[in-house]
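Okay, got some structures for you below.
Okay, so chain A shows up in both of these, paired with chain B first and chain C after.
And then the complex of A and B:
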């Protein structure tokens, strides 16, 4: 269930939200963080994460930085100004979606 | 446990063996794999480097790095087109638009004076004349690319002018289309279109590649870092 299509649509929003909280992060860190936060329930597949990151970068929502860590290069992602604004929008959109889904799936019945 | 330099090099080889040929993408994947391997070995010290690598790679799914590479290509070719547009637009702003117009008028006059039935040849010859110096340039760029130890995906696009030659074939097709145009408006449109197209190739082949270094530094934060190593 952890990798169902339901999550896929929200991957970008999850990435943006994480970067909003954490400042800058690298790819592997994002997968681990999501796994921890969702207690293993949600497992971001690597094959989906990087394309999503690259696309967000191309759209101007993310900026990249490279640092030498241990004996390799590490690419960090962080939100641009545009990305910060977009994060607010997308989160609002997602919350709205969750609310309407709740209403659809579990309407408040009352027989009065 | 931290991976050694040799193991990192082995990871680079591993990405290459799995069809990731560009340094920019390799680097990101190597860091990812390395992080995963270190993490696994920390949890289970019995695990060998190769076993951990195998497990980590499996997480990318049955297509391996393919999705990542394809998506990266899409993103970077979009970026390449944006770069082309950035430089191409100059030919439609004040100082240079005069040049564009002048060339269009010249072509128009040529098309107007030559006998009917030869107009298509005139255009073909114009494109072929342009094709000769550009082919030479492209061969030179190709040699430069081949000599490089590290391949950057965007650099390959900048120097190889993806698809430029497909566009170039288009006017060659004119050779086979006989047209006899007397209407000056249509002649005008043909002239402006041909000149604009040639300017687009010109930008792709002669203007952008010399700026590759600058454009790569702009795209890849690690580019400068690696040049100094």
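And then the complex of A and C:
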């Protein structure tokens, strides 16, 4: 991806959307899933991912479970009830933003 | 291919060399690096040593020593931890500043509409002064309890960076004995002083949040460690 800054503001929404689909995930799994879905175009840096996950957890949008796997601890994240509602709101906001951007850069183009 | 205990210890030694001792991040970063190495070994048919070199190279930037003026440039640590602290402080200010403004306007309106209250300036400032001293004592108490917990988190790091100077501020910047700091002088409200007092009334909440978060990490991590 030439300009990953375009994704930066949507990182939290991407995380919430993935957790809504997958149920529960751990940090490494999230980075790999994003990489696969974007066909390698988007690499979430670890330095951005973990502070973002911890912030969403502090905001009460994510719940955590820690399990011991292969001699080490693994922290799983899943959506709370508040997180589920917030995901719906943020996805609606993101879709609205995408629609507005499409209208701005290409008024004749439609996603319908 | 799963890593053995010795290989995990090598990753731990790498994290030690980067001073990543904060358990709210350390266990996750360790698992992340271990999974990355396992993937490298499986996909590229390389040994642990090569996988370790490739994976840890990706983390050098995130674990490099960093500092931020948001928490004070004299305090430094791994970049990933500093960024987490900066996120906490920014969120806290976004919460505190509107509340401070509302409290300021509310008090200003009350004092403005009821001039009689101005004659109780000494009593009001005494209450605030005692509150500040109480906050300073509580912050120190929390600081000792965190230290006694024998583990370190990003929250305890952040708490440590702010505790001493905040306590000092609450003792020195105290209308209880420093009359020039009081927000009522000669029966007039000093707006800057009123605003700063409103801010300092709410600021100790940050320490409560950090204290709570520090012990919350223990619940989710150390039980299994």
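Here, the second predicted complex is superposed on the first by the 106 of 112 C-alpha atoms of A that agree within 3 Å, B and C clash if a C-alpha of one lies under 4 Å from a C-alpha of the other, contacts with A are read in each partner's own complex, and residues count from 1 in each chain.
The working rule: contacts are C-beta pairs under 8 Å (C-beta built on N, C-alpha and C of every residue); 3 or more make two chains touch, one makes a residue touch a chain.
These numbers were taken from a predicted model, which means no experiment stands behind them.
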> So if we stack both complexes on chain A, do chain B and chain C clash, or do they fit?
Replying inline: clash
>> A:74 in the overlay: touching chain B, chain C, both, or neither? Say first, second, both or neither.
In response: both
>> Which partner chains sit in contact with A:50 here, chain B, chain C, both or neither? Use first/second/both/neither.
In response: both
> Looking at 39-47, 93-101 or 111-119, which bit of chain B clashes with chain C?
Replying inline: 39-47
> On chain A, what residues does chain B touch that chain C touches as well?
Replying inline: 26-28, 45-48, 50-51, 54-55, 58, 64-66, 68-75
> Considering the complex alone, what residue numbers of chain A touch chain C?
Replying inline: 26-28, 31, 45-48, 50-51, 54-55, 58, 64-75
> In their shared complex, at which residues does chain C touch chain A?
Replying inline: 2-5, 8, 24-25, 27-32, 34-36, 58-59, 61-62, 79-80, 83-84, 87-88, 91, 213, 220-221, 223-225
> For the complex, which residues does chain A have touching chain B?
Replying inline: 26-29, 32, 45-48, 50-51, 54-55, 57-58, 64-66, 68-75
>> So in the complex, the part of chain B that touches chain A is made up of which residues?
In response: 2-5, 8, 27-32, 34-36, 39, 59-61, 63, 65, 67-68, 70-72, 75, 78-79, 220-222, 225-226
